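Given below, in the form of structure tokens, are the structures.
Both complexes below contain chain A, partnered by chain B and then by chain C.
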Partner chain A sequence: MIQPQTHLNVADNSGARELMCIRVIGASNHRYAHIGDVIVAVIKEAVPNTPLERSEVIRAVIVRTSKELKRDNSMIMRYDDNAAVVIDQEGNPKGTRIFGVIARELRQLNFTKIVSLSA
Partner chain B sequence: MQSFIGGSIRLGQRQGFPRWNRAQFKSSAKAYLPSQSSSNAVQGTNNSIKSPNNHLLQFLGTTFVSQANGVCSVPVLSPLAAMMSSSSSIYMTTAAFPNMHSSEPFPDVPTRIKFKRLDKTAKHIMQIVDKEAVEEVKRQRDVPEIKPGYIVQLKVEVPENKRRLSTIKGIVIARRNAGLNTTFRIRRMVAGVGVESLFPLYSPNIKEIKVLDKKKVRRAKLYYLRNKMNALR
Partner chain C sequence: MAVSTTTALSIGGNVFSGQLRRWELNESKLFQKPRSHFRWLCLNDLHLLRFRIKTLNFNPRGSLLPSLYAYGKEADDAYLSNVNEDTDEMFDDLMKKYGEVVFTKNDRKSSSAELDDDAESLSFAVEMAKVASDVKAGDIRVLFVKPLVYWTRFFIIATAFSRPQIDAIGSRIRDLAEKKYGKIPSGDTKPNSWTLLDFGDVVIHIFLPQQRAFYNLEEFYGNATLIEVPSENQPPFHS
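This part shows the complex of A and B:
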């Protein structure tokens, strides 16, 4: 349940450390973003000497949420943090490595590169 | 004679007198008790009354069974029950049947099947169905007991993977009992991130559950572990 002003960890090595969500793509007001949704975010904290800098507006896809993710076989997954992966306009990740665990639902949403980079 | 007619009488009596007027009965089965003048159709639930010693009871039993297609209507035994109430102290007991006419002993009467009022049975019929479903699953698979604080290893079949079973190992932090939908939560560390998963206990996707260890906890729900950031599991 990510909404604007939500801070998210970054799960790749693109150079950003922490993002703040500005907008949920493809949604009107009062909609929350879940795993697999693309958001527009601003970088709040960045690793020095990387292409991405602080207060840069980028897009990201959410890979982990503290809100439960329900599956069809009535399994529920819940992560301990909210995390996103920085992507570009097409949906390819900007980083080269993914940290942490990724939900399996991203595979069906055509983020195959992200899924293949993760474990 | 009165003592031979087991649960049906009790059922008829439990309805009470004024209920007969509202009772519905199908005229397709007019069971005439041989020793009575006349009585209305007897319909009941699908519990059979077996007493091999008595022809009357057998007769009643067969009428019950023959119409026991899930029809639950109020059985009507008006003249019979009238006779009962006027005469006897045989009341709605589920205890041992008072042996008034104990001329004939019952050596092999089976344990009496308790009859509830049919609307009372209907209220918890879902409970009965649920219990049966749980027993069915337990017969097919061996489901161990899982309590909070157990360290558990599961083998889960994931339909997306399809090739092999994934092993999930973690500590049970909660268990919610709801019949067939009993669920339990497992908390584990995956690649530096804490993940909680909730599984139905009787899910067919869970191929195997193995209890590895039991930790002593003094709580039913161990949600405090979220803040403790358990590095051990």
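This part shows the complex of A and C:
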């Protein structure tokens, strides 16, 4: 349940450390973003000497949420943090490796690139 | 005849004093809820509980809430009898009692069926690699990633030297897959500097040269076995 002003961790090595959500793409006001949604975010904290800098506006895909994700087989998954992966306008991830656990729902939502970069 | 006693209970740090009546009869009804929660947890993957145990009621002192209530020695309540010990020990007891495997999905195929599937995917992958080499894609590699990754069997990585070429490779692969095998890929529809076609068992990555060097998938999947593809003379890609 990510909404504007939500802080998220970054799950890749793109150079950003923390993002703040500004907008959920493809939704009107009052919608929450879940795993697999694209958000517009601003970088709140970045690793020095990387292409991404603080207060840069970028797009990201949410990969982990503290709000439960329900599956059709009635399995419920809940992570300990909210995390996102920085992507560019074409949808390619900006980092080269993804850290942490990734739900398999991302593959069905056409983010197989992110899944193939994660361990 | 009801036996009433006055006792002081502390539940969650708050102290109540009141009258307690005979509760053997009420016991089973009141404490049905935590028990059924617990059984539900056992039936799903036990390892998920390592991440988060929220449905069990812990009071601030960390012990299970039902510890305040008396339980008989019947087998039904035995698993809650040592509630002040570590949860790990509780799980060990449960495993000893019910066995390590409580629930299995019967969707595991036999090893010979798996090998047949692998061979089928391999022939599909080799066919797609041949199509890519027809369109003059560079440095086509077919990797067998099944031992590394659970979600697919084969990767095909190819380099295209321009966006129209990526488009051409993508559309040819899509057409052949649909015509001959009836498979429709998910993945990128618009040409992208990294175009991905996901056929389930086989995932095809088509890169531009800079992206291929940037993402370096071959290094990431370095432990995958490379499959030999009979290809006509291809310009070797220097990575």
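In this section, the second predicted complex is superposed on the first by the 119 of 119 C-alpha atoms of A that agree within 3 Å, B and C clash if a C-alpha of one lies under 4 Å from a C-alpha of the other, contacts with A are read in each partner's own complex, and residues count from 1 in each chain.
Going forward, contacts are C-beta pairs under 8 Å (C-beta built on N, C-alpha and C of every residue); 3 or more make two chains touch, one makes a residue touch a chain.
Only a predicted model underlies this, so the values are computations on that prediction, with no experimental measurement involved.
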item	value
Fit or clash - chain C, chain B, common chain A	clash
Touching partner for A:89 - first (chain B), second (chain C), both, neither	neither
Chain B versus chain C as contact partner of A:80, first or second or both or neither	both
Which superposed partner A:99 touches (first chain B, second chain C, both, neither)	first
Partner chain(s) touched by A:49 [first = chain B, second = chain C, both, neither]	neither
Touching partner for A:116 - first (chain B), second (chain C), both, neither	second
Partner chain(s) touched by A:28 [first = chain B, second = chain C, both, neither]	neither
First (chain B), second (chain C), both or neither touched by A:64	first
Touched partner set for A:5, first chain B, second chain C, both or neither	neither
On chain A, the residue positions that both chain B and chain C contact, one per complex	75, 77-80, 104, 107
Parts of chain C lying in touch with chain A, wherever the complex brings them together	44-45, 48, 51-52, 54, 151, 155, 186-188, 192-194, 196, 198, 203, 205, 211, 214-217, 220
List of chain B residues in touch with chain A within their complex	158-160, 183, 190-200, 203, 205, 226
Chain A residues within the chain C interface of the complex	75, 77-80, 90-92, 96-97, 104, 107-108, 110, 112-113, 115-117
Residue ranges of chain A in contact with chain B within the complex	64, 68, 73-81, 83, 99-101, 104, 107, 119
